[in-house]
Structures are given as structure tokens and as C-alpha cells.
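Same chain, two partners: subunit A is paired with subunit B first, then with subunit C.
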Partner chain A sequence: MLDRKIGIVDLSRNSVKIVDMPKDIRAKYLGGRGINTYLLYKLLRKGVDPLSPNNVLILGAGLLTGTLVPNSSRFNVSTKSPETGFLGDSNCGGFFAPEMRYAGFDHIILKGKAKKPRYVYVEDGDIEIRDARDYWGMNTNDAQVSFRKNLGDVEVACCGTAGENLVRFANLRTGVKNSAGRCGTGAVMGSKNVKAVVAYGTMGLKIKHPQKLLDVVKEVEDYILGSKLTPILGSVGTPLLYEVSNELGAIRTKNSQLNQWSDSLNAENIEKEVEKMIGCSSCIVHCRHRNKLGGEGPEYTSVGLLGANVGIDDVKQVIELQNIANDLGLDVSSAGTIIAWAFELFELGIINEKMTGEKLEFGNFEQARSLLHDIAGREGFGDILAESTQAAKKFGKKSEDYLIAVKNLPQSDPHDVRYIKAFALGIATASRGADHLRSRPTLEIFLRLPKEVKERIYGKGVSPDPTSYDGKEKTVYFSDNIFAVVDCLGICKFICHGFNSPHFLDYPRFEALLEAATGMKYGRRKMEAVGKRVIDTERMFNIRQGLTRKDDTLPKRYFDDPMPMGPTKGHHIDRNEFDAMLSRYYKLRGWDEKGMLAPSRVEEIKSVGGLP
Partner chain B sequence: MKVLNFYPERCTGCRECAMACSLVKFGECNPRKSAVTVIRDEFKRYEYAVFCLQCDEPVCVDVCHQNAYTVEDGVVKHDDDRCIHCRLCAAMCPYSAITVHGKDIVKCDLCNGDPMCVKYCATNALVYEEETKEMALKRKEMVERILGTP
Partner chain C sequence: MERDVKVRLRLLSSLRQTVGESELAIGFAGGSVESLVKEAGNKYPKLGEAIFAKDGSIDYAINVILNGRPLTESAMKETVRDGDEVTLLAAAAGG
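Moving on to the complex of A and B:
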């Protein structure tokens, strides 16, 4: 269990080094996102060009990934983001990470740049750099099918043509469904002339206390399966959230010009296109839709961002767009946000046909589809959109006022955060930019949740009113910390306390699972301290890249334009209230008014020992 | 008599069955070292659990020249002390239900009547249930058909 290695693959030198995991790093960061972040901080210098050989791409499995622990399928991909210039970080489920561990590795670091297309093959303690000419130019489905045909029952994490063409929001894909979607991880892989990391492993993960793990898992499983929410998540998956957000009047529509959209995209209509619900490795929730159009999904993000946000209301069209984006290796969140941004800019006359080559319009499915292909191929206007938020350089300063992004990262959550203030603070402070999987306290949507429940989870003084700013820094702080911990353990957020339900797994159960599996004893405070340390380390990385308080902000529209429709009509974010909430959040974190860490804390984190 | 049945339409491919099996038998989580193996392919869109069906007339018992296999109360059991790890049983099993992992032969023994794979299957794709006479007959016919027994 604790014997898995770190593989360092130097593509420029065509060499591989295999090292043990330093104990201090393991103890302080557990695994996955935590260890990745620490390695990234140590390995990179200020100002590295993300698409140069000097960047690194780190694949890191969670500490409990690939075990009997429910929903323990996940790994983290970390790099300096070519999309944002800040921390690039994406968490992914599926079957790749367990396989990488069975092949003997917890972390694989890709550095340098290969002279010719290569793939990295990992099997039972060995790593080889191999010729990938037969796979280069393929999209992610064909590439994976070909690898499996040629190499057997392997698991693959690969980039598509979008990654090869350095699209700034190209992702890494594994299986039909799973993506390390955000921050341009696929572009970094492509920039290294690497097509994929391919794993095959037969080395099981030795469990410290087998009977104890069987017992704890059984108890945890019964608890999760006993929740009212689990069967819903397992039958409709995340699209459930579309209807919830839409009824509230908080679904991002047409680049957030509107905040409500068609009922035709509700989960009940998506269900009609679903053949079967399946799971990731060790998953007991099974939220993945195997759709009838040849792919998997859609997730709520696709429904919102390739549906409402681009003005499309046909379920089949939405599914087709996300199947295409997945195959090309494009992040659906960035794709749907950037395309909608361009549509509105065209409507406003900020960009015109001279640049776009055609009239752009919301709701045009054919156009959206061909734009996805053009982006991945960097053809025509697609070449500009492939720059993601950096296309603002071409579109002009005025275009930035209509961009739904934070820290240069397009917002992933289709939820319009002008109404729920905790969501707003969450995406403003998330270390990788506008992203909901860092801290989304979904419970805020359930408007009738009693004050006691919220205070019990988040602490005293948290207002039960989602539109209130009072105490919302505590909501984000709690969620940020515990989500960082589950990202270190490799467990899916779907079963994590406070993400979807007030009844899912909290620290004590994570502690019990960790101890049974590894023998590592962590009390609540020690475990929460890991989460805080991860967030502080990410902050240090970002500060080194030039981040300041002014980057912890929101799209201009969220401040200045009140929501136009539905129950949320008139709501927006007040700049002064937001600023005060941000200061309170900094204080909770122990950061100063400028959002900087105390020098002693910086030293403490820098002193974690044993860099490989 | 109870038998282990598999319902593919309920299987999500998560492999918790195999994780539990390898954990009980070997103290490790390893889907390739389990008596139940989930064969799955996302691209070909299927997931299917393969395990010993405890045949009425087991081929493994017949072919094992070391007498490492015995049938006890309808359960086909493998004795590792007698086994010389020749893997002939695995090669001959008409259902490919015997797992070979290095030198280890992994064969389902129904966990003394409380199969762990069933216990940890969240969707009841694997069920340990009474076999009706009809099912027993159907199964026997199928085995004989596959083996070409007159």
C-alpha cells in the first residue's frame, strides 16, 4: 500500500528514474492532489512557460485509490496551466489510477520534451518510453481502442488531437467518460510530444488490516446506500442539478445574459437517452450514463454549458456535442463558456465576421459542432478560440467584461453564482480558477435546510439564507479543506460530507478508512490540517506566479448586472459585501489582508523534506 | 441449494466484488487476483463477472492429476497443498473461471456460504440464492452441451 513509487520520466533525455516516496511528504500530504501540489511547487520555478519543456505534468493517484474503499478511483493531474498561467490541476475518476497503482506507481512525473511522438508504458514496476507514431493524430476514443488492441487489457490516459494541437483547454482522457478536464492538462501532454500514459498492473495493494477494512467499508457502504440521495444520484447522475439550478433561476444561459432555460434539458429527458448507469472503479453510486448516442454522459456541466449556455435545448444535440468534445479531448466547461462568450461578443459587435468568418448565433447546433472541431484542429476562428480566455488579447479589452472566468479559467459550474453567495466566494477563491469542485457547498441550494444543520457542519454564525454574506466564508473554508482531503485520498466528492448531502462521509470515517487500509493514524485535526496545507501550498504556487488579492474576484457581470429572471431576479454580488467576505475568508485561512501567507507558514511548508 | 448468480444488467463494472475477494483471500486489493473477475470494456460497452459455477461434473476435478480438487457439499474446493500449480485446471475450465496469478491458483469456494463478492456488491448484480431444480437442470444441460458429453 505505501510501497508504490514515484516514476520520473525525462522525455528530453529519454530516461526514467524510479524513486521511493519520501516519508515526510507522504505524512504531510497523504497522496493525490496533495503530493502532486507539493511536487509541483518544488519542481517548477517562477515564470515557466507552461507549454515549454520546463513545465512538468504529474499524474498522482490518491492514497486509497484502487482499494475496496467506496468510490476510490481517482487521481490528480497537476501542472502549470497553459490556460491560466496559474496552478493547473484536475481530478479524474475511471480505471486508470487503480491500474497505475497496480503497476507499482503512485505518481508519474513527465518532464522535458520528446523529439518525436512517444507514449509512456508502465507495467509492474517498470516504465518504458515508447514510439507513439501509430497513435499520433488519433482522437481519444480511437487511441484508447488501438492501445487496447495492441497491448491488451491496459488502461490509458491520453490526449486527443486538441492536446496535440496545444489547445489551451485540451484535457487528458481515460475511458469513454473520464477526463482530467480542467486547466489544459492535455495541451501540456501534447507539448511534450507524449500521446499517453498506458498502464498494466498485477501488483495488488497490500492492506494493513484486511478484516478491519472489510468491516469499516461495510458500515460506510450501508450508510451511503441508506441515504435518500444515493439512488437518485445513481439513476439520473449530476443532470439532477440542472433542474434544481434552473428552477431557482440560476442556470447560466447564453453567456449569463439570462439565468433560466428550457425544461427540455431536465434529467427525466436525459434518462430517455441512457442505456445503462455504470460506475468507476470501486464506485457504489454509479452516476455514469452510458448514452445511446455512442458515448457516456452527459454530466450537469455539459447539459448547462453545451446546452443552456450556448442556447441549445435539444437533449440529443447536447449529448452529441459533449461526445464530440470528449473524443477530441476538449474540456466541456471551457468549450461551452468560450463559445458562448464569442457568440455574445458577436451579437454585441465587439467581434465581427472579418474575424469569425461567419455570423455567430446562439442556438446554432451545427455551428457549435463545427466550432468544436475547428478549435481542436486550430482551424480558422477555432484557432483563436483555442487560446481560451487569452483570446481576449485578440478580441480587445472590452471583451473581458463579458468573460465568465476567474484567474483566466472559464467557470465550470453551470450555476450562476450571483444568488448563492457561498458559491460566489468559492469560485472566486478556488486555487485553479473559477471552479466548483474545490469548494461547492451544494447544500446552499437546498433552501429549506435548517440553521442548526448548517451551523453543525460549517460552524456558528453561518446564515441559513443563501443570499446572505454572513458566515459564508466558513462554508467555503470547511468545504475547501475537506474536498482537498478527499482529493488526497482519491475518493470521489460524490460521497463527501457537504457536497451533495449533509449525511455523507465526514472526517471520522475517512480516518477509519485510512487507518484500516494503511495503519496511518490521523485524528480529525491532523487530517483537516492536511487539507489546509494543500490549499496553502497551492496558494504559494500561485503567489509565486504573480497572484494577488485582485485575482480572487468574479466576472464583472456577476457584480454589475442583476439577474434578469425567475425567483432570483434582481440579485447580484455587492462589491463591498464581497470584499468584506473575502477578508474574513483570508483571516480564517491565516492569510493577511493581501491574501499572503505568514512567512513562518511559508518556511514550514518549504521545509517538508525529501524531494526525490 | 444456494448458488451464486450474476445479473449483467445490474452490474456497473465497479469491481468491488473482486476487491473484496482478493482482500479476504490474500489481504490485498487486486482485481487480477480474485476468484471473481469483472470483464469489462467501456468501448465495447459491457461488463460481465466471471466466476466458478460449481459445476455438477467439474472439469477441474477430472483433469487434476494431483487430486487437488474435491467436491464438498456441492462446492468445488481447491487444496493448495496438493496443487503443483500446473494451471491445467485453469486452461481446461470451460468458463475460464479459475484465475491464475503468478503461482497462485484462485478459485471460488463461496466463502463458506457467505460470499464476500455478494456482500460488497452494491447493486445486487451478484446474488447468492436458492437454485431451483429447473435452474439446476438447465445448468447441467448447458455444461454437458459445452463439454460434448454424450
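Moving on to the complex of A and C:
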């Protein structure tokens, strides 16, 4: 379990170095996101151009990834984001990461830039840099099929043409839908002239206490499968959330001009287009759809952002847009947000046909489909949209008022956060920008959760009212920490305490799984400390790249435009209340009023050590 | 007992499948939102399975909306009036 290596691939020099995992780094960060973040902090200096050879792209498997532990399929891809200029980090499921571990590696670092298209081949302790000319120009589905046809039963993490063309929200894909979707990981891969990392392994993971792990896994499986929520997620998947958000009046619609949309996108209609439900490696939930249109999904995110947010209400059209975006290797969250932004800017006259080449309008499926292709190919107006939030440089200063993004990252959550204040703080402070998978305290949407239950989970003083600001910094703080821990372990957030349910896996079960698998003994405090350390290290990375308190904010619309419809009508974010909540969050983290870490903490983290 | 409080009970998301209907017209003797929801759960066993916790209380994952207004737990004691619309919605999260 602890013998997997770090592979350092220098593409400029066409060389590979393989090193052991330093024990101190393992102990302090466990694996996955944590170790990636630390390595990123150590390797990158201030002001690195994300699309230059000086950036690095790190693929890192979670410490329990590839074991029998339920839902332990995950890995993180980390870099300096070409979309945001800050931390780029994305968590992904599927089957790639277990294969990478079976091939002998926990982390693979890509540095430099190859002279010609290459792919990185990993098998049983060895790494080769190989010619990728036969795969360059392919999109993600064809590329993966071709690699398998030529190399056998391999697992592939690749970029599509969007990544080759340096689209700032190009992603890295494995399988039909799984992706390290956020922050432009695919663009960084493309900038290095790398098409894919391909893995094949036969090196099993040696479990420290096999019988104990079997016992703990059985108990955890029974516990998860005993939840009412598990069969719902396993039969309907995340699209059920669309109706929850829509009914509350909190579904982002037409670039958040509206907050409710059509019932036609409800899960029951999506189910008609579903062939079957499938899962990732070791998954016991099976939340993913295989759709009848030749792809997987849609997730709630796709339904919201390629449906309501761009004004489309036809399920088949939404699924088709999502399948196209996935194949091209585009992040659906950024794609749906950026296209909707452009639509509204056109409506407002901030941009016009001279720039766009045609009239832009919400609800125009053909147009949205064409734009996805144009973005991936950087053709026409798509070339501007391919710049993501940085297109504001072309659109003009006024366009920023309508941009639904934080830290230059378009918001991923289709949920309009003006209603639930903790959600707002979550996206404002998330280390990679406006994203719900870093710290969203989802239990806030359980509107009847009593004060005593919330206080038991999050701490004293947390208001049971989701529209209140009182104590909500504690909900984000708790979620930040535990989500960072599951990302280090390689476990899916769907079975993590506080993400889907107040009854899913909490620290004690993580501790039991970790000890059985690795022999590493971590009590609650020590494990939570890992989460805090990850958050602090990510903060240090971002501060080095220029982040300040003013970046921990929200889209202007969330402050200034009250929600116009439904049960949430009238809600918005009060600037003073938000500011006070942000200060309380900083204090909880041990950061000063400017959001800076104490010098002693910086030194403590720096002293963990580096690579041999 | 007279059932003179007529309530429109909407069932959304996964709850719809429990009774095969998205809406029920409930005749109710009167009382709180909580008592109405419990009565519906007892009358329709599959709905009850979905909305009741093991101790017989209404599961916290069930959001309740009264006439378009989401209710906190303390607001579940509010009185249901003739013609009210009560919506039940199973909360969940995801990505």
C-alpha cells in the first residue's frame, strides 16, 4: 500500500525519474489531493505561466484508491490553472487511478514540454514517453478506443481536441464521462504536447490487515446500503437534485437572471433516456447513467448548466450537449456558464454581432451545439469563449458584472446560492474558485435539520435557518476539512458525511479503513489536521500566485440582484453580513483579517520537506 | 371525525413514485403541518416508508413547503388551513 512510487516525467528532456514517496509527506498529507497540493507548492514559483513548460501537471491517486474500500476510485489532477491563474485541482473517478496504482505509481508529475505529441505509458513500475502522432487530433472517446485497440486492456486519462487547442476549460477525461473537469487540466496536458497518460498494471496492493479490512468494508457497505438515499441515487442519480433546486426556486437559469425553470428537465423525464445505471471502480452506489444517446450522464450539473442556464428545456438536447462537451474534452460547468454569460451580454448589447458573427439567444440548441464545437476548435467566436472568464478582456469591464464566477472559475453548482448563505460562503472561499465540491455544506438544504443536529455536526451557534448567516462559517470549515480528507483518501464524496447525508461516513470510519489498509493510525484530530493542512497549503499556493481577501467574494449579481421568483424570491447576499461571515471563517482557520496564514504555520508547512 | 380541511399534497422527486401520483387531495381533520404529513404517511405505507425515520418522526431529509414557503422544523407546528398546498420534497445533494 505504501510502496507506490512517484514518477517524474520531464518532457523537455525526454527523461523519466522514479522516486520513493518521502515518509514525511505521506504522513502529513496521506495521498491524492493533499500530496498533489504539497508537491505543487514545492515545484511552482510565483507567476508561472500555466500554459508554459514551467507549469506541472500532477496526477495523484488517493491513499485507499484501488482497494476494496467502497467508492475508492478517485484521483486528483493538480496544476496552476490556465483558467483562473490560481490553484487548479480536480478530482476524478472511473477506473484509471486504480490501474495507475496497480502499475506501481501513486503520483505522476508531468513537467516541461515535448517537442512532438507524446503519451506517457505506465506499466508495472516503468514509465515510457511514447509517440502519440496516431492519437493527436482525436477526441476523448476515439482516443481511448484507439489506445485500447492498440495496447490492450489499458486505462487512459487523456485530453480531447479542446485540450490540444489550449481551451482554458479543457478537461482531462477517463472513460466516457469521468473527468478531472475543472480548472483547465486538459489545456495544461495539451500545452505539454501530451495526449494521455496510459496505465496497465498487475502489481496488486498489499493490504496491511486483510481480514480486518474485509470486516470494516462489510460493515461500511451494510451501513451505506442501509441508507434510504443510496437506492435513490442508484436508481435516479444526481438529476433528482434538479427538481429539489427548481422547486425551492434556486436553479440557476439564464445566467442567474431567473431562478426557476421547466419541469421538463426533472429526473423522471431523464430516466426515459437512460439505458442503465453504472458505477466507478469499487462503487456501491452506481449513480451514473449510460444514456441512450451514446454517452454517460447527465449529472445534475449538466442538466442545470447545459439546460436551465442556457435556456434549454428539452431533455434529449441537454443530453446531446453534454455528450458533445464530454467527447470534446470540455468542462460542462464552465461551458454552460460561459455560453450563458455570452447570451446575456448579447441581450444587453454589451457584445454584438460584429464580435459574435450571429445573433445569440437563450434556448437556441443548434447555436449552443455549434458553440461547443467552435470553442473546442477555437473557431470564430468560439475562440474568444475558449478563454473562459478571461474573455472579459475582450468583452469589456462591464461584462464582469454579469459573470457568475469566483477567482475566475465559473460556478459549477447549478444551485443559486443567494438563498442558502453557507453555500455562498463555500463557493467564495473554495480554494479553486466557485465550486461546490470543495466545501459545500450540503446539509443546509435539509431545511428541517434541527439546531441540535447541526450543532452536533458543525459546532455551537450554527443557525438552523439556511437563510441566516449565523455560525455558517462553521459549516464551511467542517466541510472544507472533511472533503479534503476524502480527497486524500481517494473516496467519493457521495458517501462522505455532510455531503449527501448527515449519516454517511465520518472520521471514525475513515480511521478504521485507513488503519486496516495501511497500518497508519490516525485519530479524529490527526485526520482532521490533514484536512486543515491541505486547505492551508492550497491557500499558501494561491497567496503566492497573488490571491488576496478581495478574491474570496461572489458574483456581483448575488449581492445586488434579489432572486426574482418562487419561494426564494427576494433573497440576496448582504455585503456587510457576508464580510462579517468571511472574517469569522478566516478566524476559525487561524488566518488574519487579510486571509493570510500565520508565519509560523507557513514555516511549519514548508518544513515538511521535498522530493529526493 | 369531520374531514373538512381540504389540502393539496404535492409529492416531488422520488416521493412521487411511492404512490404513483404527483398530487393527492387530502381530507384532514385539522391540525399542524406535521400531523398532516404523518397522517398521509400512515395512510400511504410506501410514502410512509420514504418519509418516516426509524423512530416514526418525519425524516430530516424531507423538505416541507407550505404554500410556497419552505419550513424549518419549528414551523412544522403551524396550522394547516383549508385550501393550503403542502409540498414534500426529498432533499439530497450531489454534483
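Just so we're on the same page, the second predicted complex is superposed on the first by the 610 of 612 C-alpha atoms of A that agree within 3 Å, B and C clash if a C-alpha of one lies under 4 Å from a C-alpha of the other, contacts with A are read in each partner's own complex, and residues count from 1 in each chain.
Everything below uses one rule, namely that contacts are C-beta pairs under 8 Å (C-beta built on N, C-alpha and C of every residue); 3 or more make two chains touch, one makes a residue touch a chain.
This is a predicted model, so every value here is computed, not measured.
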item: Subunit C versus subunit B on the shared subunit A, clash or fit after superposition; value: fit
item: Partner chain in contact with A:I278 - subunit B first, subunit C second, else both or neither; value: first
item: Touching partner for A:N309 - first (subunit B), second (subunit C), both, neither; value: neither
item: First, second, both or neither for A:I232, with subunit B first and subunit C second; value: second
item: Which superposed partner A:V176 touches (first subunit B, second subunit C, both, neither); value: first
item: Shortest CA-CA distance in Å separating subunit B from subunit C in the superposed model; value: 19
item: Residue ranges of subunit A touching subunit B (in the complex, touch as defined); value: 66-68, 70, 98, 102, 141, 144-145, 148, 175-177, 201-207, 210, 213-214, 217-218, 221, 225, 275-284, 286, 288, 290, 296
item: Interfacial residue positions of subunit C with respect to subunit A in the complex; value: 12-14, 16, 50, 58-65, 68-74, 76, 87, 89-95
item: For the subunit B and subunit A complex, residues of the former touching the latter; value: 9, 12-16, 19-20, 22-24, 26-33, 41-43, 45, 47, 101-102, 116, 119-120, 122-123
item: Contact set on subunit A toward subunit C in their complex; value: 228-229, 232-233, 236-238, 240-241, 243-244, 247-248, 266-268, 287, 299-301, 412, 436-437, 440, 442, 445-450, 453, 464-465, 493-494, 499-502, 566-567
